[in-house]
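Submitted below is the structure of interest, expressed as structure tokens.
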Amino acid sequence: MDFSLFLQNFLNGLSIGSVYAIFALGYTLVFSILGIINFAHGAIFTLGAYFTYALAGGKFGFNGILANAQLPFQLPFVMALLLSSVLSGLVTVLLERLAFKPLRARNADPLLTLVSSLGAALVIVNLIQYLVGAEIYTFPANIYGNLPEAINFGTATKPINIRTVQIIVFGVSVIIVTCLTYLINYTKVGKALQAIAEDTTTASLLGINSERLIMITFFISGFLAGISGTLVSSSVSIAGPYFGISFGLKGLAVIVLGGLGNIPGAIGGGLLIGLAEAFVPSDYSGYKDAISFGLLFIMLLVRPQGLFGKKLIQKV
Amino acid sequence: MTKHQITPILQLNNITKKFGGLLAVDAVSFTVVQNEIFGLIGPNGAGKTTIFNMLSGLITPDLGQINYLGQDLTKLQSYQIAQRGIARTFQNLRLLGNLSALENVLVPCNVHHKTDFLADFLGLPKAQLAQKKTYSKAKELLDLVGLSDNIKQQANNFSYGDQRRLEIARALALEPKLLLLDEPAAGMNTSEKASLSDLIRQIRDQFNLTIILIEHHIPLVMSLCERIAVLDFGKLISLGEPEQVKNDPLVIEAYLGNE
Amino acid sequence: MADFFNTYGHLIISTLFGAMLGLSIYLPLMAGQLSLASPGFYSLGGYIAAILSTQFFPRSEGTYPLHFLGVEVILSAILSGILAIALGILVLRLRGIYLAIATIAFGEIIRILALNLEITGGAVGIFGIPQPFDIPLAYLWIAIPLLILVMFLVYRLEKTNVGLALRAIQVDELAANSMGINSTKYKVLAFTLGAILAGIVGTISAHFLNTWNARQGTFDSSIIYLAFVLIGGSKTFVGPVFGGILLTALPEVLREIGNIRLIIFGILIVLGTIFFPQGFITPNLLKKWRK
Amino acid sequence: MTIMNILEIINLSVKYDAIQALKDINLVVNQGEIVTLIGANGAGKTTILKSISRLVKPEQGQIIYQGKDTTRCRPDQVVKLGIAHSPEGRRILAKQTVLNNLELGAYIRSDRLRIKADLEYQFTLFPRLAERRHQIAGTLSGGEQQMLAIARALMSRPQLLLLDEPSLGLAPHIVQEIFAIIRQLHQSGVTILLVEQNARLALENSDRGYVLEAGILKMTQKASDLLNDQRLREAYLG
């Protein structure tokens, strides 16, 4: 492999890996606070993509109830992205109230939450299908304004063309990760979140309103899912209501690879899987998805606590 | 000590265990002889339960050997150790809460009363007979610790003291040679403690057991144990008969204080 | 009556398969193990049937010989069993959600292999799997006895010492170990039984559905099977049977309401977990019925 | 001088599933007192503390704190009203530093300067913690963890401190040290409701005591009288 191809693959991997990372951060935040996996996270990812599509002035097809519908206004991409992510966050908070909180209040088996979140995912996905149909939607080409399609990082003779979208994706991801790291480690809310993650009862004895923080966590989680849904679909396309499901599954692989509930782990795991996939030769691209699960499987057997996790000591 | 035959049953040799950066057990060595009641004391976090966990195979020491009747325990898994006659109770009680008291005792009984799975599965008379036998053995043990009523009730519903006694019955069902009791008197009142003390002596004599016990209640330990080991920060700071330990200046400084 | 069977025959047979898939999740759960490997083994069993019947066994006129189906079932059981033992020894050291995720990863690896290999027909899958019966309804002759047999076996298993050991592990594996129980052995046993069951159901399903592809046994079906158990009731084997039948039938019954049926189905699943946290069928309920 | 009661519990009952943990408890704690709850394990002592800090939901009854009904408050609201609970098993945040634990103890406050001052005060009260302020709390010894749990509770500047089993599993000489600090807190005016296995030691340091049996209050008296009670001596005082 020559150097420019290597670099190109590397940058591609970094770009998609950084989206895996922010998507997985949302997953892992909820896990660290509540010890549950929210299977609807992938559905929110999809929802975010559709929200942005609509807000940026996209028109819907003819299959759903909202056939040919279009918003009367058109927001610039950055605004659409932010608003759509906020909406995704709000939907996730609503989901938490309806599908998770009642179970928590009844002290239900955590397994039930898996089932309940799958039920919620079914609702969201099928609602999307009912409303706007199952067709593929592509963002307009000039969605980012008048930026060039690709930027050459090499020389004229040895081009290393990186799509502008991917640079934007990477940039946005870096900003998000930085903000989140600051929030968790240096703010009062972040410290309270860490306290809840360690022991909810203790947190409430310290005067921390855990219900409110759980709500904040779900909002952030949904926000991150929405933003990553938009980023992925703006660089490829919205491949129908189900396209978040497989992404959700991959996110699961990322967070376990990095260590469940571990924030640097989600980032590292995301980048690792993104890079690993980018280096799969095109002849074997059918096996690309197997990479993440193969890595995951091996990791679970060798180091169940994940790359970045600390060894769990069981208290007797 | 003199009235017992002095044969070692258990030898800890330089046992060491680290958790993270913390030395939980630091090069501890001692020998327990057959038929004695041996006390293990020290503040919480001194490494007592960690030693029990290593003796019962729940964790493996980083260094050192544990010799039990000629075998090295550090190479065995916990179920193998249990099958070889080391039974234990747990500090925080680990009863099978939603199983009945009887079933709790039946589980270890079955380890020694192997039945033919097929006969058992088909409910053949042979299997039923075997089952009756284990039932009556389990009931005897429950009787012994003073639990004969409501044995088909969920273990969860028993009072705290009864649960502690149920754990002892369950441990005895393994037909152990060595019994490890982790804070058996915790949460008992004065009169309950006295009868527990009698029960421990009784089962030692009746089943020809060796007993190691972790306990915080100093008067109980001093009256019950024939020898005592004192741990502090993972180190063995004193070992000997109760009088000796009680007056050891090291123990007074680190643990007992001057009252 | 005939009309009823013509309309609902297909559905009834599917629900019986659903019940057995529920039991295949329930079996490892008896030992407290949340394994979601069933879709993987189900898919594997189906491919064994599809490949053998379309590529290896001789084509004959008329219906597919039942003894060939028998050979497929036995072969699926053996292969699933061997694979499950190997996999089980590897993954059953993991606990709780980690085990669930490892078994999901196993299912995904099977799925991606099926999508890419030639022998499994790639993304298209395998078509024209031969029928052993003239009418689809005749599958009842296999599904009903099989379900009854499986239920009886699970019922008896719970009564034995092995059943007691499994329950002990379910409640507290560490305590069970220190009571002399080799928990690994029992966990692998329960896991393997579940895998064999899923494999056999897959084998029969492949014939029943006439076609088999990588969409059989995906990740979300593993959670659906888990829903069979949890919404049906995870404390007695009647629970997953009931849950499997109910949740397989529900989307079909809802077909009348048209496009929003899967939305309603999702809502019902959420409501089911909230209002029946113990599941519909609980041991107490069964006791009441007996009285 | 009239004695102000700071806490009053009226007809409190608590159920865990089918098990009645507390039945018709009536209890008063006066301003500035140390009151001890004694009783066997499972008698319901911890449940009373948990009901006050709202970790468990009462089945019926009222909890009045400084004239305000707190029965329906959330746990975090109770803390804001001035009740701190140092729970059974200490429940320090084992993965965080001593300093972080203490700072989180002041979570409800926003007076930064005073928090700083209080932190320094805790370090003078518990010099052992001062040496270890940057240490991860999980690596402290049992006695130090107990001190951290108490210091953390004090960081919210409580008027009422609930202390659950402060001596559990500690070396006898550390227990003496802990009780010396409890006496010091008492002198500085903190009201304390104490649950303690070591009934004798607790009563020797208390104004009054309540005796619980199987979820029911059996008697309440001045601590010195309880110490001389024949029946109590047999059951609890050893």
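For clarity, chains are labelled A, B, C and D in written order, and residue numbers in each chain start from 1.
Note that contacts are C-beta pairs under 8 Å (C-beta built on N, C-alpha and C of every residue); 3 or more make two chains touch, one makes a residue touch a chain.
Just so it is clear, the model here is predicted, and its values are computed rather than measured.
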Chains touching both chain C and chain D: A, B
Relative to chain C, chain with the most remote C-alpha centre: D
Comparison of B-C and A-C (more C-beta pairs in contact): A-C
Centroid spacing, where centroids are CA-atom means, of chain B and chain D in whole angstrom: 32
Centroid distance [mean C-alpha coordinates] between chain D and chain A, Å: 44
Sites on chain B at which at least two other chains make contact: 58, 90, 94
For chain A, residues that touch 2 or more chains besides their own: 316
Overlap residues in chain C, where contacts from two or more other chains coincide: 174
Chain C residues within the chain A interface of the complex: 34, 90-91, 93-94, 97-98, 100-102, 104-106, 108-109, 112-113, 115-116, 174, 219-220, 223-224, 226-227, 230-231, 234, 259-260, 262-263, 265-270, 272-274, 277
Touch list for chain B against partner chain C, complex: 56-58, 77-80, 82-83, 87-88, 90, 94-99, 103, 106-108, 110-111, 115, 117, 120-123, 170, 173-174
Chain A residues within the chain C interface of the complex: 37, 39, 98-99, 102-103, 106, 108-109, 111-116, 118-124, 126-127, 130, 245, 249, 252-253, 256, 260, 286-287, 289-290, 293-294, 296-297, 300-301, 304, 314, 316
Complex interface listing, chain D residues touching chain B: 19, 40-42, 139, 141-143, 168-174, 176, 197, 234-238
Parts of chain A lying in touch with chain D, wherever the complex brings them together: 188, 191-192, 194-195, 198-199, 201-202, 204-211
